[in-house]
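After this come two complexes, each holding chain A, first together with chain B and then together with chain C.
After this line comes the complex of A and B, so read on.
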């Protein structure tokens, strides 16, 4: 481009294939050369460790005893993981956490989005404030909510006392084994409801007013308008929100580690935390690898079934 | 009530509901910042104190005892370094996918995003072993590389979307003028999607600054980030709530400012581009 005269004439004489004449490579080749590093690195960081994990899952290898002979143990690790009571307890805790966070976030998020659907005074500033919680680090949120949950001095306990009259020292959100699962659900809901709400808002604002006007002409009731127009059109957005929160919360680690550390007992030990313990506290490398593989299969299985359903709803 | 009054009323109701929600969401953060200016005694006062004489003592103590600046520097180096490294790899790749798409392009992009679905803890062991082997545990280099790789899919997806907005004719014209691929990328594509690249960079920095899984598990004192500093405060010194608040505030403040600039991209990035 710096000397337009010469290059223009060249371009005119050799139309189209000028570049390949210079570099000796076709567009496709160049494209592949550019994409290759990304693919290679992603393979290196994801697929390679994954294969390593799968291989380890069939052995009795232990990282803290590197000199011992590594033996193939077949499916023994899987058998042990799947028949272990602790694993199932963890799975239950995870399911409880997943289901309630999704239900609460979708219900509250959608209700709020429905109320706030139209633009209003200070809309931009409002969005800025509402996205604040999700801009924080999960570890910081977990640490800080520990403070809010303190019996006696915590703000959360104070507010509950204020409204119900219970003694603020009589309950501990993170110390009680019945309340602890709820403590992580509440903190996660606080952090991520805005995200679900923004997704719902995007859905609601994508519905053209003309549809409602037409419904108004046909004298459809508000209730009917909601179920025949609003809900079906927002459903794909809602399902996307569920997918993201589901995947994220299945991986949940840092917030819960900071907040409850998996306790009391094993009541808030989610799968990620349990897996890390197996691998780095009990040092059962083979067994923990089998555990990881089981988790991968679960996540991919559930997610792909869900995405199929999502696509069906979208196409409707 | 006539139509207009009714509309006004519902508008006011809307505004009020919206702001009540915002205040509820904001309150815990407000409380964190407020507590950081209290003395330890004021922080645990019952009933909670809203009015008090603010003090900066906590912030000084944190710098004195834990060398906040070292952790902050680590956060800056790893988040910016990881972002730049990822951009370096992603820009050519996104260019190729956006302007020379093949049959597999869509599939490759989806595969890249799907790698974000794996629970990180599942590959922690192999990554840990590799770092151990090369003596990279608790170093900033390891963190920069891992940060770059975990953000690569999201960066790819965002750049791909921005690049696709550039009309292909412009590139064709440049090619006619004899521009090489390198110049096409650096002198046409990059300047034309300046805004997009800038917001991708900011988003990536925000995400990496907040990343806690890898920094908690692969670093301790040498390469620990601010998130790791906050986490370390919660265990042994757990009772000093004013200091915990102060350190949390310090860890969040810079990123909240950046986040303000990128809130749209944040939602877009977190939803893998599903929400524009």
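After this line comes the complex of A and C, so read on.
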């Protein structure tokens, strides 16, 4: 229970000079005082590292040789990255991973959400079961799928054998350079489809039943109802899911490292893995900073046009 | 088409944003395409121009 006299007591015990200083301030100044720590933290944690990375990208700085003189090398780091065949292949691997994971996750996620949205017995239980993979740590999922992909004991190979009749030991999802990119796509799709499903489910549940009832009155077929009501109204949610998954998968690191380690060769080396190798294995800090800037501008540009498209869809 | 060109000359947001978006999309495609190394080399410049342009023109009038 608060004491009614407590505010008076506080006012009485407040030092005179502090009291006059505070009471003399405008509302705007007081607001700035409250917001300042957050702004300072944002500048320190987000903006400063970004600017520092851009500065480092024009130098030959190596973090493992802090006493060496740092030279300004101009655009040399960018030139090296943008003419390097290995980095180009890494970009292609990332594009392959991005496109297929997004396509599969959106298709399967939307289909699952559509099914779960129907009222049936055990609906909540199935939703919980489907959402489970998303709750696991990527390290756990990576280890888990490594076992599933084992040619001798892996369940995945036996499942393929069941449907195709091929010998389970005749192929290795992780060891084959053609299959390895698909192994990371399957694992990521398994893990993150529930996320897309949840977003789609939120979209489906936000559609009022009255719209469908009106469509029924107008004798619109199920197919027509889907394309003229369900899909347009869920589209902003779907686009949001694509944005989230696109940005997340562009930065994909942990799951792939655990599953394939970027191999065989460089077939599953995504940009974030390559960047980490440049920065903390080869210790080329300047060059890796330039690499990070290239990736940042790409994601930022893509996200900008995507958000614009999303707003357009929402305004329709 | 005439409206688009008029919008460009009058510094309207819509057409300029469209040009910036096309540049960004082209830059990203150039970055990730598997056909020509030259396209990959110039991808960053194209994306950067598109992104900076997008930031500037998004402050234009509608």
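The criterion applied here is as follows: the second predicted complex is superposed on the first by the 283 of 316 C-alpha atoms of A that agree within 3 Å, B and C clash if a C-alpha of one lies under 4 Å from a C-alpha of the other, contacts with A are read in each partner's own complex, and residues count from 1 in each chain.
By our rule, a contact is a pair of C-beta atoms (placed from the backbone, for glycine too) under 8 Å apart; a residue touches a chain by one contact, two chains touch by 3 or more.
Please read all numbers here as calculations on a predicted model, not as lab measurements.
When the shared chain is aligned, chain C comes close enough to touch A:91, but chain B does not.
By the touch criterion stated above, A:72 is placed in contact with neither chain B nor chain C. Contacts of A:83 after superposition on the shared chain: chain C is touched, whereas chain B is not. Residue contacts after overlaying the shared chain place A:198 against chain B, while chain C stays out of touching range. When both complexes are overlaid on chain A, the residue A:285 reaches chain B alone and has no touch with chain C. Here chain B and chain C are compared by how many residues of chain A each touches, and B touches more. When both complexes are overlaid on chain A, the residue A:300 reaches chain B and chain C alike.
Looking at chain A, you'll find residues 300 touch chain B in one structure and chain C in the other. Those residues of chain A that touch chain C in the complex are listed here as 78, 82-83, 85, 88, 91-92, 94-95, 294, 297-298, 300-302, 304-305, 308.
Residue ranges on chain C touching chain A, taken from their complex, read 17, 20-21, 24-25, 27-28, 31-34, 37, 40-44, 47-48, 50-51, 54-55, 58. Chain contact summary for the complex, chain A toward chain B: residues 1, 4, 6-8, 10-11, 15, 18-19, 22-23, 27-28, 30-35, 37-39, 41-42, 44-46, 48-50, 52-53, 56, 63, 112, 115-116, 118, 120-122, 126-140, 142-148, 150, 152-153, 155, 158, 168, 190, 193-195, 198-199, 202, 237, 240-241, 244, 247, 250-251, 253-254, 257-258, 271-272, 275-276, 279-280, 285, 288-289, 292-293, 295-296, 299-300, 303.
Those residues of chain B that touch chain A in the shared complex are 11, 14-15, 17-19, 21-22, 25-26, 28-29, 31-32, 35, 43-48, 89-90, 92-93, 95-97, 99-100, 102, 108, 112, 115-127, 129, 146, 149-150, 152-153, 156, 174-181, 183, 187, 206, 209-213, 216-217, 227-228, 230-231, 233-234, 238, 241, 244-245, 248, 251-252, 255-256, 259-260, 263, 266-267, 270-272, 274-276.
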